[in-house]
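Lettered A, B, C, D, E, F, G and H in written order, each chain numbered from 1.
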Amino acid sequence: MSVTSLKAKLMQGNQACAEGAIYAGASFYAGYPITPSTEIAEILSERLPQVGGRFIQMEDEIASMAAVIGASVTGAKAMTATSGPGFSLKQENIGHAMITEVPCVIANVMRLGPSTGGPTSPAQGDVMQARWGTHGDHPVITLCPNSVQECFELTVKAFNMAERFRTPVFIMFDEIIGHMRERVVLPEPGQIPVVNRKKPEVGPESYKAYEPVDETLVPPMASFGDGYRYHVTGLTHDETGFATTKPEKMAAHLQRLHDKINNFLPEVVDYEEQSIEDAEVVLLAYGSVARAASRAVKDARAAGLKVGLIRPITLWPFPGEAVKKAAAKAKAVIVAEMNLGQIINEVRVAVEGQAPVYGVLRADGEPISPTEILAKIKEVL
Amino acid sequence: MSVTSLKAKLMQGNQACAEGAIYAGASFYAGYPITPSTEIAEILSERLPQVGGRFIQMEDEIASMAAVIGASVTGAKAMTATSGPGFSLKQENIGHAMITEVPCVIANVMRLGPSTGGPTSPAQGDVMQARWGTHGDHPVITLCPNSVQECFELTVKAFNMAERFRTPVFIMFDEIIGHMRERVVLPEPGQIPVVNRKKPEVGPESYKAYEPVDETLVPPMASFGDGYRYHVTGLTHDETGFATTKPEKMAAHLQRLHDKINNFLPEVVDYEEQSIEDAEVVLLAYGSVARAASRAVKDARAAGLKVGLIRPITLWPFPGEAVKKAAAKAKAVIVAEMNLGQIINEVRVAVEGQAPVYGVLRADGEPISPTEILAKIKEVL
Amino acid sequence: MRDHWEIRFGGTGGQGLITAGVILAEAAIIDGKNAVQSQSYGPESRGGSSKAEVMIANDSIDYMKVLAADVLLVMSPEAAKKYCPEVKDDAVVIIDSTYVKDEQPVKGNVYRVNISLLAKQEVGREVVANIVALGVLVGLTKVVSWDALVQAVLARVPKGTEEMNKKALQVGLDAVKGLIDAA
Amino acid sequence: MRDHWEIRFGGTGGQGLITAGVILAEAAIIDGKNAVQSQSYGPESRGGSSKAEVMIANDSIDYMKVLAADVLLVMSPEAAKKYCPEVKDDAVVIIDSTYVKDEQPVKGNVYRVNISLLAKQEVGREVVANIVALGVLVGLTKVVSWDALVQAVLARVPKGTEEMNKKALQVGLDAVKGLIDAA
Amino acid sequence: MNPEIAQYYRVNKLPHIWCPGCSNGIVVRSIVEAIDKAGLDQDKTVIVSGIGCSSRAPGYMNFDTLHTTHGRALAFATGVKLAKPELNVFVITGDGDCTAIGGNHFIHAARRNIDLNVILFNNNIYGMTGGQYSPTSPTGTKATTAVYGNIERSFDSCKLAQTAGASYVARGNAFNTRQLTDIILKGIENPGFSFIEALSSCPVYYGRRNKKGGPADMLKWQRDVCVTQAAYDRLPEEKRAGKIITGVLHHEPQPEYTAEYAKIIEKAQGGNG
Amino acid sequence: MNPEIAQYYRVNKLPHIWCPGCSNGIVVRSIVEAIDKAGLDQDKTVIVSGIGCSSRAPGYMNFDTLHTTHGRALAFATGVKLAKPELNVFVITGDGDCTAIGGNHFIHAARRNIDLNVILFNNNIYGMTGGQYSPTSPTGTKATTAVYGNIERSFDSCKLAQTAGASYVARGNAFNTRQLTDIILKGIENPGFSFIEALSSCPVYYGRRNKKGGPADMLKWQRDVCVTQAAYDRLPEEKRAGKIITGVLHHEPQPEYTAEYAKIIEKAQGGNG
Amino acid sequence: MAIPAEQLKSPVTVNLAWCKGCGICYSLCPTKVLIGNELSKAVVAHPELCTSCRVCEAHCPDYAITVEGGPKR
Amino acid sequence: MAIPAEQLKSPVTVNLAWCKGCGICYSLCPTKVLIGNELSKAVVAHPELCTSCRVCEAHCPDYAITVEGGPKR
């Protein structure tokens, strides 16, 4: 083992998320407890004041999301964490943060739904909701770790992307990842870069709060209290930030929300491939299921089967290009997820009929095992 | 004009929806006002007590959805209506109605989002949210009228399907359809069938609230107060209705939610085709946009272009088979919708790469015109 | 006689243009025709821009929005500016000269009528300007029968205001009598 | 010595099995190994079924859940019934005979130890049954070093209870001393 | 189980999931005893709850029972009652369920004075999620999200109910089961919104972390601090600190919502309401 | 516009979207006058609002302004204030926004006594959506969703604020602009949750349907029915009916949330707070 | 008839572009300085009667009135 | 030592399958009829002392105690 093992610790996924937030410079958390995400709140209620930050337990999830946005407009890096029922409740205000372009991080530790469902059962049933849970149109960035180490690292990345793209960023764990404990090695301060939002370089007179100043299309963001006296509204607005009903302004505004992310897909989209070069069967899995799939790939290869794995790290934007490319050479694509068919639709869009797409789908509170995946591989081959 | 024109009236889409509810036997409405759906509430606040029903303006949309479920378990046919922000807020309780299989109707008169967006601007930006707005997995039935006459008829149908399938049913208008007034001919009582939920035929001793008794997979539903003393919970439950964490029971329960609808797709899925037989360009559009598309088809045909239209009447389940079939013979598929790309994904899934799929997408508060669609047709041909 | 009419009313919220559109569409239904009325308006209750559109046809109506108007009524300078260019060459363009002073439409047959002032001075209340306008419009275009129009107006307006509204219609009609005869 | 251990603890909520799993995993980390601990539990705070799993390996650990256990500890009849069949043929199966009376595992090397009673009687508090169990388990399997175990226990338990917990470990170890030597 | 009360339980679902010593079971018993004493038709009685430990109660109660979403029980119950006013509707809710996430439905149901019997199981903590502070946790409480001590002030949910419009408000506790049964019974008899706060105890999360002793100690504490208004008034000044007033705190009949709605129907159908 | 107040407005956004005679503009003027009198740093002052006619006000006000979602202004404002306690935070809200959909955030912000200055524009109706009844519409009100007359009882939002925990509560009206400015000023000076109900008027939806006359008549009605507590007490019994008490209704300083939180930080960082 | 407003130096001025003709000012003006025109908008009819009390300014919801002099509010 | 409970006809009985050993009953029993066993569950140690006051039954959160006779509650 390398020397860094000196700093190795056993840490829970939720705890790693909380520590990742601190590392990324978070100074504000508002939330409402819900299994299986509660540890994130509990840990941050203790940790944030230690670093001069602030934690508040709000009256519900709607208020939590609201407070996060309020905090972020003052310049704070802010986050909340929840699970399905709370994620549903946050959607309206998530939409507000999307249209007002307020950076923040929302963690969803997924349990079995719909409704109260199985509060302590693992699931991956909210991944389509992450994409489409709000009314209206906007793209989303959604990260999905498959280890405790990644819980830490992707939380840092989530904050970085929130600040870079001026947008809410989701980080979605399944309950297994959130609750499991695993060996992690935490980076030193400075070891992982920490990104801060772009601030205006002009004075208040010439500041237009929603006017992009460079090719990123991301407008610099002044903090409330800095003297810019600007307006933030959830109505469609023009580059000044004030409400408009002019079609061309509305169109430009909503289109820019898309372009500021979609024009930078190579920077955003992240995934991992395993044994994909010659794969006749392409597996796709994420979160804890990806670890079962990874083992299934090894077992399959050991049995002489040409199987590979694509693991999306950004669920959204979805790494469709990689899937398309892999599918072009494959005899079959198998999507394993702890739900009754969600990301599989996105895979179908990417595959474009090049290969049949099968699912290993499960929504019963049980993890998907390598054995099940292997069985499916054998079935389709 | 036929004799029925004697009963012809000019009626607003939202009003037709309210009258459709009355026709279908609705006796309960709970809602919270929001543009552009408010007229449905206003009209029902006057109409319901006239027929012995009840209207309540709740404190918010969450409460409205809750009250609707509460009313329905007592045996009432219940509905609510809202628009994007309210639809977002209702999602958690919609999930509750899904998992508890409580029939009800939710109308969403769509305005421009995200967030407060453009309250009086037409849009079709909530159609993916209708499918994926809740956490967890379940199918949904979503109807989409393109005329005031259909606002009436599909509202009746929405209630019928809610009762038949024991599930919440969405009816989604865009603002244009909700607010426009058009000539309608209302049916006589009895002219359109009205469906009522199946009640238990057994006594309380042998009643299992969530055990299907026939191939419909829909369990008969006792009304509260009828002496069955049964339990309804948003937790995953077994056939008795009581919470369970047994994987096989959870799986069976969630799977049945899918099967009770997906096993009956021919009964559920509805769409309309126009000039599709020999179409080289297949248009797909719904709601008010379908009327622009319909005119575009006529104009194109007049110009000698082989263009046809598929208009989904059920957005969900999506008429993918019809699209697939039409795409097989087409050179191009064009999806026109008042959003930045929603149903187009579903079309891509159906088309499976058989033809390129183009969008005429618009989210600026302006309707899509036949001219724009025609231009696109010419561009892709 | 056209068998398909695209009619547009433009002005500001509070001028009653949507009501006018509804009445016109209802009159068409009474005449046994098909009609669709639609609108667009801002979030303001009063004072924002407001647009009402009516399609009238003998058969089915596909698209519900005006592409190029056969008839245009404008009651604010903004509306005049925006909508005057989007009319057919032979359109009837009615301008409320109380509010629209110097807009110069380049297409259609333009009629300037002091509609709002007439409403206030001849009928006594500016709120009936929309009804005066209907009198003008139907007088000029005969898109619906006068009887149907009167019937539709009476069915919509608050009880007790019937006479005032009938008068408003007449004031509108009278204002363009000469023009119609001349036409 | 195996280089990959799949260890499962089954019982009811409140028995501290998850804590036991965490301690074991922490001991493995102290030993410089890789470890993953996961669990599943019901919605009840107390009394529902509870399962903790620990994977210990020298290199990376793909899948975090036990497929077939190398070591199984069961502390309730339900857990015994459910998990005893899912072990490897040569597994170490530890049964808390305070609660599991007549379950007859068919696979593995079975050790019956009166863990909970020992905790109550020898250490004085039943809450330390999980620590006694760790003493038994590590005594039998040596999956982690004893020093690492002691260190991990002391790092987790509330201040002031260190001695009691050390004693609990020892009680567990002593209970199987004879067996180990015999093995 | 005593056969006197067995008919009101789904006995085959017992034992329940609550922790050893959790007082939820005690409070539920008072509810069913009050229902028994009131002679309500068991087939016409509905129990609605939200989410939380306490909100699991309906699953054990032999009525039509509706377990809803967190905080929303009162809104669901409003639908039940308005759609079928002949039903007797009870709402079982927790301090988090009723006064945190559900606070808005609470004040609105009270304002409408709709005929619901609401029993708030106040254990001063979020039990189900493992011990976070709630809006009724006293200032200074230790909780998993208040490791430095809770800085928030707490609601007096009885006062809130009254100010919002409840026509009947009472407070009881799990120790004094006779009083609790009695004030629930009086609430049933009030045709309007009846709110009963039942002081309960969560020995596992609230008790342990705040050093309140075991389950029996927590009940004894209730015995010691709870007094009726009359008894309080008799207490010498120096003994009043820390006392909690129990009993009926407010009772003032008001027009009931579904009864008023019946008049609307009459009016709409041409009566002269 | 008078230059005295112009600096507080985004003059280029005027005229505003409100209807002729809507009193929202009058109330906003009182707010900016109070801010002026209090001498607040305009760059350190934030105005937060929800959704509604009244909630459009921040768009016209020359500060950092945040127009949020319906009902949630207080929760957003809580985030603003807690994250940057040196800011002066105002919340502009409507009767629907604050007491219907936003009721829960209202009582919780009051409970926490967080230093926000909340001005509720109470026009007794949902103006923005065209005249539905609100939780403050008097019983009997006609509204688009109460064509048979409103059967609900209304909130006294001042009492609710006080019961929930607000440390400062006052009521004013659009007619008595001096008083209104004054009570807002006092609210600014209270370090804690300050709640000011400003009776406003919606001549278009509330006034017309309920036959309250024109804009000026509605203001005159306010003049006639509003009295201070002192004046009320001097009134003979028979003249008291229908009077509305205005002025400061409650003022009792309490620990403020962000100040208490500062102590938590100190404690966590090793101070002995 | 009164002297046309524009010919007097009036302490009160109305910004007609902002005035929405609500009638509040001329209803409340204690000395009837202001009246409504044909579109109900406020016009200064009797500037000479103005006491600079500022009631009109304070109650104009549209900030359309400015009164010079008078009490600081 | 007391006579084993099972040999006396006791007014109070404990359903051990439901008893969770919380200790409430034996803490509250005014006459110490009940005691906790090695797993803290309630056992009837002194049935002869029982006054059928039903305090134990009323406060058993698990409905594990039935007292025969005594006041109707």
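Here is the rule we use: a residue touches a chain if its C-beta (ideal position, glycine included) is under 8 Å from a C-beta of that chain, and two chains touch if they have at least 3 such contacts.
Composition by chain, UniProt nomenclature: A, B = 2-oxoglutarate ferredoxin oxidoreductase subunit alpha; C, D = 2-oxoglutarate ferredoxin oxidoreductase subunit gamma; E, F = 2-oxoglutarate ferredoxin oxidoreductase subunit beta; G, H = 2-oxoglutarate ferredoxin oxidoreductase subunit delta.
Predicted model only: the values in this text are computed from it and were never measured.
Visitor: Within the chain touch network, how many edges lie on the shortest path between chain A and chain G?
Guide: Minimum number of steps from chain A to chain G: 2.
Visitor: Most C-beta contact pairs, which chains?
Guide: By number of C-beta pairs in contact, the leading chain pair is A-B.
Visitor: Take the average of all CA coordinates in chain B, do the same for chain F, and state the distance between these two points in whole angstrom.
Guide: So the centroids are 39 Å from each other.
Visitor: Can you check how far apart chain E and chain F are, centre to centre, with Cα atoms defining each centre and the answer in Å?
Guide: For chain E versus chain F, the centre distance works out to 32 Å.
Visitor: With chain centres taken as the means of their Cα atoms, state the distance from chain F to chain G in Å.
Guide: The mean C-alpha positions of chain F and chain G differ by 28 Å.
Visitor: Can you list the chain F residues in contact with two or more other chains?
Guide: Answer for chain F, listing residues that touch two or more other chains: 18-20, 51, 67, 69, 100-101, 103-104, 108, 128, 130, 135, 148, 261, 264, 267-268.
Visitor: Residue numbers in chain D touching 2 or more other chains?
Guide: 42-43, 47
Visitor: At which residue positions does chain H touch at least two other chains?
Guide: Expected reply: 20.
Visitor: Which of the residues in chain B come into contact with chain F in the complex?
Guide: 32-35, 38, 41-42, 45-46, 49, 55, 57, 59-61, 85, 115-116
Visitor: In the complex, go through chain F and note every residue touching chain B.
Guide: The contact residues of chain F facing chain B are 51, 67, 69-71, 100-101, 103, 126, 128-130, 132-133, 135, 144-148.
Visitor: Tell me, which parts of chain A touch chain D in their complex?
Guide: 1, 5, 8-10, 35, 119-122, 176, 179-183, 288, 291-292, 294-295, 298, 367, 369-371
Visitor: Enumerate the contact residues on chain G facing chain F in the complex.
Guide: 15, 17-18, 20-24, 27-28, 40, 57-64, 66-67, 72-73
Visitor: Under the touch definition given earlier, write down the residues of chain E that touch chain H in their complex.
Guide: 1-5, 9, 14-16, 18-26, 29, 33, 174-175, 177-178, 181, 203, 214-217, 219-220
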